[in-house]
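These notes open a run of structures that come right after.
Same chain, two partners: chain A is paired with chain B first, then with chain C.
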Partner chain A sequence: MPAFLTILSHWRRHPGQLATLILGLALATALWSGVQAINEEARQSYARAAGMLGANGYERLQMPGGGPVPLADYSALRRAGWQVSPVIRGELEADGETWRVMGVEPLTAPPDMLPNGGLQAGIDPGAFLGGPGQAFVADGAEIDPNGQFGLEFIPHPDIAPGLIVTDIGVAARLLDQTDPSFLILLPDQPAGLPDLASVTDLVRVEPQGGEDLSRLTDSFHLNLTAFGFLSFAVGLFIVHATIGLAFEQRRPVFRTLRAIGLPLSRLILVLLAEVTLLALLAGGLGVALGYLVAAALLPDVAGTLRNLYGAEIDGTLAFRPLWAGVGLGIALVGAWLSAAQALWQVARMPLLAPAQPRAWAIASARSTRLQAVAGVLLLAASGAAALVGTGLVMGFLCLGALLLGAALLLPGALSLALRGIGARLRGPLAEWVIADTRQQLPGLSLALMALLLALAANIGVSTMVGSFRLTFLGWLDQRLVAELYVTAADNEEAAEIRAFLAPLVDATLPIANAETRIGGQPVFVYGVVDHATYRDHWPLLETTPAVWDRVATGQVLLVNEQMARAQELSLGDGVDLAPGLSLPVGGVYSDYGNPTGQAIMSLDLLERHFAPVDQSRSAVRVDPEQRQDVIAALDAAFALPEGAVVDQQSVKQASIRVFEQTFRVTGALNILTLGVATFALLASLMTLSSMRLPQVAPLWALGQTRARLARIEVMKTLALVVLTGAVALPVGLALAWVLLAVVNVEAFGWRLPMQVFPLDWLRLLGLALLTSTLAAAYPAVGLLRTPPAHLLKVFSNER
Partner chain B sequence: MLNVTDLTKTYASTEGPVDVLRAVSLGVTGGESVALTGESGSGKSTLLHLIGGLDRPDSGEIRFFGEEITALGDAARARLRRDRVGLVFQQFNLVPSLTVSQNIALQARLARRADAGWIAELTDRLGLTGLEARYPEQLSGGQQQRVAIGRTLANRPGLILADEPTGNLDEDTGDAVLALMLELAETTGAALIMATHSQRLARRFARRIHIRRGRLEAA
Partner chain C sequence: MPDPDYRLSFPRDHGPHPDYRIEWWYLTATLQGADGRDYGVQWTLFRSALAPGEDEGWQSPQVWMGHAAVTSAGQHHYAERLARGGVGQAGVTAEPFRAFIDDWRMEGIDEMRLTARGDAFAYDLDLSAQGPLVLNGVEGYSVKSPDGQASHYFSQPFYEVTGTLTLPEGSVEVTGDGWLDREWSSQPLSEDQDGWDWFSLHFDSGARLMGFELRGAETAFSAATWIAPDGDATPFADGALRATPLETTVFEGREIPTTWRVELPARGVDVTVEALNPAAWMGVSFPYWEGPVRVSGSHSGRGYLEMTGY
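== the complex of A and B ==
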C-alpha cells in the first residue's frame, strides 16, 4: 500500500496532468461508446422491427405493379384452398408525425404477427375485435392524445417505434383503404392445391426478413463505427502521451523505490493497478459523457436512417448496463495498451540507469526511423488495398492503413522539414529555435500525430461531403426538371388530371412504375413517354448513340448506377425484365441517394408487361410564372388533398434537408475529433512545459526576455501545426478519394466525382491555428510568469 | 557482519572491458564506520552498489550476517535492501511528490516497521521539525540530504551505505550532515560505509580504506 500511495502521490502534485489523462481517456471512451450506444439502439430497433414486422418473414402475394390486391383475388385463393391472410399497410399522419400502420386479420394471420402470440395466446379477442378496437404501439410512444382515432393504444415492447399494429378493419378505417395491400402466404399449405398461377395473377414475393434492414444500414453503422474508432484512437494518443510523460518524469522515483527495497515485479503491479484505477475513473466519466453524446446525436441519426433507409429508430436512448460495461472495458483496454510501452520500459529499466529523465531526442531517433519504415509499408498496403481490394471492409482497411501510415511518417517528415528550414536560416536565435524544436519534436509527436489524423479526417470527410453536396445539388437541378408533381388517388383520376391539364401546360408526363425483382434484387422499373424533358436533362453517366430514340421505341433500357454496379451490367448487356421481355442496357444514369436498383423503359412496354402499372403520379411542365395558376385550377377542379401537388422547390428543399441531416452526425463527430486532437496538443504542451526550463533558462540568462521566449514557444508550436497541416492536406485528399471511389461505391453503389474546396482547407487551418494558439498560450503564459529564481535553479547544483 | 571476498566486476566499454573491481575483500563489523576514498572511477560506487545488492559481481561473494547475497534474485535482494540496508545518494533521490515526513517514513513503511516515535525523534534531531509538510523542491540541498538520511535511519538498518552524500553540498553543510550521520549511526548501532573523495571528511571516520584502480589499500 505505501508503494501504491507513493506512486499515486505524483498525481496530487500534478493535478493538471491527471485531469489531462482522465479527460483524454474519458473523451476517447465517450466518442467510442457514444457511437456504440447509437448503433446498439439502432440494432435493438431493427431486431424489434424484424420480430414484429412479421409480414416480412413470410412469402407474400402482391399486385405485379404494386397497389391494393382486389378482394376478388383474395376470395378466389381462399376458395381454391390456399391459406392466405390479408394485410393492409400504409402511412398515417397524426399530430405532425408519420406512423406506419399494419392491419392484420387476427383469425388467419400467423401468431407472431401480433404481440403476445395473437388471439391464440395473450390478446383478448373481445377487446381487440370489438368495441372501439385496440392498437399496439412501441413502449413510450405518444399518439393521439385527443382520442381522435377512437382507439385504445396499448404500448408494447415488441413493437418498433413509429409502427401501429391493429386489426385489419381498424387499419382500413384509419387508412381509408378497403382492399388488402398484400396477402401473406402461410407456410403450411394443404396438399393438392391448384397451381397458384391458375388461380390469380398476383406475384409471389420471397420473404424479405428484418435482417434486410440491418444489412441495408450496415454501411451507415460501419461509417459511424469507423469515426468512433478514429476518435478513440486520437484519444488514445493523448492517454499514451500523458502516461508516457508521467512515467518518464517518475523514472527517478521508480529507481529510488527499487533502491529502497521495492521488487521490480511489485513495482510493475503497482503501476498496473494505478493505470487500472485511473482507467476505471476515466472510463466511468467517458461512459456518462458517451451517453450524453449519443443522446444528443440520436435524433439526427434516427432522422437519417428513416429518410435514407426507411428504418424507424426510436429518438430516445435507453441505458443498457452491458453497453456501459463494454465502455468501461474499452477504457481499460485502451489505457493498458497506452501504458504497455511505458510499463515495458520500466520493466527493462536497469536499476542503476541515470536518474535524470531520458534525453528524448537521442532515444527517439531510432524509433523515428523505424516508425517511418512502418509508415511507408502501411501506405504501400493502403495503395494496394485501394487498387486491388474489394468489399467494404477492405475499403476501411485501406483507410486505416492510410491514416496510420501517414501518422507514423509524420515525425520523420517534420524532422526533415525542420532540417531543411534550418539550413536556410541564419542567426544564433533562429538556429537555436530550429534545434530546440527538433529536440522538442519527440515529446510532441504523438499529439501532432493525433492532430494529423483529425485534420486529415476533417479534410477527407468535408471533401467527400462537399463533393457529394455539389454533385447532388447539380443532379437535383438536372433531375427535378418538372415544375409541379401531382399525385392522384388512382390511375383513373391521374388520367383525368392529365386530360384536364393538357390545354393549360406544356406537357404532363406520367410517372409510371412497377416493382419487380431482377437478379434476385428489388428493382423499380419506370416507363417514360418520348419527351424533350428526358432527352435534355436526364443525367447519363454512360450512353449509346440515340439512346432516347431507342428507349422510346422499346429497343433498349436505361439502368441506374446502383443497378449497373450491383448486377455488373455494362452497355449492351441484356436484362431479363419479365417473361418474354429482355432488353439491352442503352445507358447508365446517376441516381444519388437511392439505395435500390432502378430501370427506365418505354411506357408502352411497361404497361404491356407489368400491368396494372401505377400511374397515379404525374410530372407537369409549365411556365414557372403560371405555376400558381395551375395549382389553383387543379384545386378547384379536383379538390386534391393536401400534399397532392408539390412544386419543384419543395421537393428540392426536402431532398436537401435529407442530405443535410444525413451528414450532420458526421460533421458533429468531425468537430469532436478535432477538439480531441487539440486537447492532445494542449496536454502534451502542458506536460512538456514543466520539463522545458533547462532548455529555455540558458537563453534567458544570455539576455532574451521571458516575454520573447514565450512568444517563440507559441510560434514554434504554430509552425509545427502548419507543417502538420501541410502533411494532412494530401493525406486528407487521399482519404476523400478512398471514401468516394472505394467506400462509397461499396456502401451505396454509386461513385461521385471528387471536387476540392481550398477555402475549406484555409478555414480548417485557421481553426487549427486558433485552437493551437490557445493550447500553446497556456504554457507560454506559465513561462512568462516563471519567477527568475525558478529559472536560476537550472544553474544551481541544488537541482 | 559484512564479509566481502575476492569481488570482481568488469564493465564493457567502447575501448574494451574495464576492470572496475579486482579481487576486493573487505570485512566490516557492526557499529563500525568506514570511509572509502579514491579517485573518480576508482570503483567506490561500484563496490557500494554490489554490497547494497543494486548490482551483481562477476565473481566473489558477499556475506551479510552470514548470508551470501550475490546469488539472490531480484525480489530477495530488494527485500534485503528494504529491511537491512540503508542507502544515501549524492542526488538525494527523494520522491518529489511526497512531503518531508512521508519521505522519511517511506522505507520503514515499505518494511512495515514504521515507528512514529522514532521518526518524530529523528525528524527533530535532523533539524527538520516544522518542515514536515514541505515538499523536497521547497528545501535547500542540505535539508534534502538530511531527509534522505532520515529515510535511511527511520528503518534502523544494520548497514548504511552512503555514496558521496555531501558531494552536492557546501563545506559547512556537508560537515554538519556528516556529523549527524555518524552520530545517528552510532546511536542506532548501524555500520556505516561512506564513499568520498575528500580526505578531510574521511579523517573523521574510525577506519579508512583507499581504493585505487579497483584494488583496496589501507589508507
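== the complex of A and C ==
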C-alpha cells in the first residue's frame, strides 16, 4: 500500500499529466462508444422494424381504390384456398398521445408478426384472443394508466415505441372498424389454387423492401464504425505517450523503491493496478461522454434514417449495458497495451541503474530504420491485401496495415524531409533549427503519428462521406427527378390519366416495366420514352457516345451496375433480352440499394417484346409552381386513393435537408477526432518543453531573444504539422479508396465512385495548423516567460 | 354441460353447439387405391369456444381448427388450418349440412362431398351412407370417466367412399369405407386423465366396433359400441373393452404404441391392431397420432386409430 501511494503521488505533483492521460483515454473511449451507441441503437431499431413493421416484409393485397378491404373479400379468398391474413391498422388517441394500432389475426398471420413467435410459441391464445384482450407495447411505454381501454398492456422489447400490437378483434373494437385495412399474402401457398384475379379484385403490393434498406444503412454504419475505431486508435497514441512519460519521469522513484527492498513483481503489480485504476476512471468517464455524444447526435441520425430510408428509429437513446461494457473493456485493453512497453522497460531496469531522467523514448537512428522497414512491409501487405485479397476481413486488414504502416513510416519520412530541407538552407541558425527539429522528432513522433492518423481519418472519412453524399444525391435525382408520381389502378386508367394531364403539364412519362430472366437471374426491364428528364439526370457510370439517342431508337440498352457486375457485362456486350431481341450494352448506371438487376430500353421495344408490361405508374414533369393545381385537378377528375399521387419534389427536398443534417454527425466526429490529436500534440510538446531548456539555453546565451526562440519553437511545430499533413493526404485518400472500393464492395457488392474534395483538405490543414499553433503556443509562452536565471542555471547545473 | 336427458335430433345436431367448449366433425376413411396400395384419409374440423355462445365479426369467441391427412404405408402428409369464427372463414351449418374451413369442405350427410388440400397433397372424395346414424353410449350420451365426465357422441360408420387422392407422385383413384364421428362436450377429460386411445374398426363381416380407453393416473376408463352390419348398436360400459399395447414406436421423443391387442370378450373379439404406417404423427398445434390400421385375429378388417396425450 505505501508503494502504491508513493507511485500515485507522482500524479499529485503532475496534475496536468494526469489530466492529459485521463482526458486522452476518456476522449478516445467516448468517440468509440459514442459511435457504437449510435450504431447499436440504429440496429436495434431496424431489428424491431424488421420484426414488427412485420407487415412490410410481406406482399399485400389492397383495395384498388384504397380504403378497407371488405370482410367478404377476405373470406372469399380464404375459401378459395388462398392463405391470406387480415390486418386492421389505425391510430388511437390516448391521453393526448397518438398511438399506432396494428391488429393482427394471430391464427392466420405469419408468426413473426407477433412477439414471442405468436400463438405457436409464447402467446397464450385464450388470453390474447379471448376475454378483455392483450396488447403489446414498447418496453417502458406508459399507456392508459386509468384502464379506459380495459386491456392488459404487455411491455415487450420487440415493439417499436408508439406502436400497439394486438389481436384484430381488439383493434376492431378500439378503432371501430370491421373491415381489414389490408391483407397479407403469405409466402407459402398450397399448390393448385385458382388464379388470384379470378377470386378477387384486390391489387397485389410488393413487400416494402427491407433488403435495400439494410444494404444502404449497413454501409453507413460500417463506415461509422471504421471511423470510431480510428478515433480510438488516435486516443491510444495519447495514452501511450502519457504513460510512457510518466514512467520515464518516475525512474528515480522506481529505483529508490527497488533499492529499499520492494520486489520487482510487487512493483509491476502496483504499476499495473495503477494503470487499471486510471483506465477504469477514464473509461467510465469516456462511456459517459460517449453517451452524451450519441444522445446529442442520435436525433439527427434518427431523423435522417427515417426520412431517407424509411427506417423507423426512435430518437431516444437507451442505455445498453453491452456497449458500455465494451467501451470500458476497450479502454482497459487500450491502457494495458499502451503501458506494456513501459512496464517491460521497468521489468528489465537494472536495480542500480542511473536514476538520471533521460529524454523519454529517445529513439536511436537504428530503431527509426527498423520502424521504417516495418512500415514499408505493412504498406506492402496492405497493397497486396487490396489487390488479391477477398472478403470483408481482408478489407479491414488492408485498412489496418495501411494506417499502421503509414504511422510507422512517418518519423523516417519526416527525418528525411528535414534532411532534404536542411541541405538547402544556409546560415547557422537555420541549420541549428533543422538539426534541433530532427533531434526533437523521436519525442514528438508518437504525437505526430496520432496527428497523422487523425488527419488521414479525417481526409478518408470526409472523402468517403462526400462520395457517399454525392452518389446518394445523384441516386435521389435519378429516382425522384419528376415533380409528381401518379399510380393508377391499371394500365388503362394510367393511360387515361396521361391523356388528361397532357395539356396541363410539361410531360407525362409512363414508368413501364416487365419482369424477365436474363442469364438465369431476375431482371426488371424498364421502357423509357425519349425525354430530357433522363438525358439530364440519369447518372451513368460508363457510357458510349450519344447513348440516349441510341436507347431511344432501340439500338442499345442500359444496365444497372448490379447487373453489369453480376453478369460481367462491359460496354458493347450483347444481352439476350427476349427471343429475337438482343441489344448491346450502351451504358451502365448506378442503382444504389437495389439488390436486383435492372435494364433500360426504349418503350416501343419493351411493348413489342414483353407482355405483360405494367404501365400503371407515371412520372409527371410540371412547373414546380403548378404542382398543387395539377394534384387538385387529378383529384377532381379521378377517384384516386390516398397515396396515389406523390409530390416527390417536396419529399426529396426534405430528404436532402435531413441527409445533410446527418452528415453533420460525421462533421462533428471529425472535429472531435482532430481535437483529440491536437491534444496529443499539446501533451507531447509540453513534455518536451520542460526538457528542452538545455538545448535552448545556449542559443539564448549566444544572443537570441526569448521571443525569437519562442517563435522558432512554434514555427518548428507548424513545419512538422505541415509535413505530417502532406503525408496524411495520400494516406487519407488511400484510406477512402479502401473504404469505398474494397470494404464497400466486399460488404455490399457495389462500389461507390470516389470523388475528391481539395477544398476540404485545405480547410482541414488550416484547422490542423490553427489547433497546432494553439498547442505549440502554450509551451512557447512558457519559454517566453522563463526567467533568464533559469536559463543561466542550465550552465551552472551539471547535467 | 352434456345432459343425459338430452335427445339428439337431426338435422339440428349436425350443426354446431357453440355453448359447449369443444366439438368436432371427424371423418376417417380406409381406402384401397387403383395402384393396389392401402391408404387412409382424415378430415377433421374442431370447434373450440373461448367463451360460450356466438358474437358478431371479429368478436366471435369461436376458434376453428382443421386437420387433414393422407397416409399410406410409406407416406404421411398432413395439413392444419386455423380460423376464427364470425368472419366466414370457417363454420358449420346444419341445414343444408356444410362444414368448412378455408377451401376444405364437408358437404351433405347421406351423400357427402369431402375435400382438403395441403402443400403436398389434396383429396376430393364422394361418400355415400349405406346405413343409419349410430348413437354411442346411452342415446348418444357417452360417459368418459367414473367422475361423470361425458359428451354427446354419434357416428355414421357406414360410408362407402370413392374419389381421388392427389399426391406428390400423381393422382390415384381410391375406394373404401368411411366413418364420421360427431362429438361435443365441455369437459372431455377428467382431471387425472391424460389422453385416450380410440379405435374405429371395420370388420370384414360387415360389423363395426368403436372403442376407446381414457388413460387415468391410476386406472383406465373404457367404453365401446358394437355395431351390427344392419346398424343395430350395442353400447358397452367401462371395463368391457380391453386395449393392451404390444409394440411401440418412438416419435419425436415420445413412445407411442403402434400395435395393440384389442379385446371385447362379450362379442368374442380378440384382435391385433397394427398401424399401417407407424409414423402417422400429426405434428400440428396440438400434436397427436392418427392413422389407418390393419386388424387380424378373431376378426379381420381395417380401421383407424387415434392416440392423444403421449
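One rule holds in what follows: the second predicted complex is superposed on the first by the 423 of 799 C-alpha atoms of A that agree within 3 Å, B and C clash if a C-alpha of one lies under 4 Å from a C-alpha of the other, contacts with A are read in each partner's own complex, and residues count from 1 in each chain.
Note that contacts are C-beta pairs under 8 Å (C-beta built on N, C-alpha and C of every residue); 3 or more make two chains touch, one makes a residue touch a chain.
Computed from a predicted structure; not experimentally measured.
Contacts of A:252 after superposition on the shared chain: chain B is touched, whereas chain C is not.
By the touch criterion defined above, A:614 lies against neither chain B nor chain C after alignment on the C-alpha atoms of chain A.
Once chain A of one complex is fitted onto chain A of the other, the partner contacts of A:79 are limited to chain C, with no touch recorded for chain B. When the two structures are aligned on the shared chain, A:274 is found in touch with neither chain B nor chain C. Of the two partner chains, neither chain B nor chain C is touched by A:436. The intersection of chain A residues touching chain B with those touching chain C, taken from the two complexes, is empty. Chain A meets chain C in the complex at residues 71-72, 74-75, 78-81, 83, 105, 107-108, 119-120, 125-126, 129-131, 168-169, 172-173, 178, 188, 190-192. Note for the complex: chain B touches chain A at residues 49, 52, 54-55, 74-75, 78-83, 87, 89, 91, 93-98, 102, 106-107, 109-111, 135, 140-141, 144, 151, 168. Against chain B, the residues of chain A that register as touching in their complex are 2-3, 6, 9-14, 252-253, 255-266, 351-352, 355, 797-798.
For chain C in complex with chain A, the touching residues are 50-51, 57-59, 61, 63, 79, 82-84, 87-89, 100, 102-103, 117-120, 122, 166, 285.
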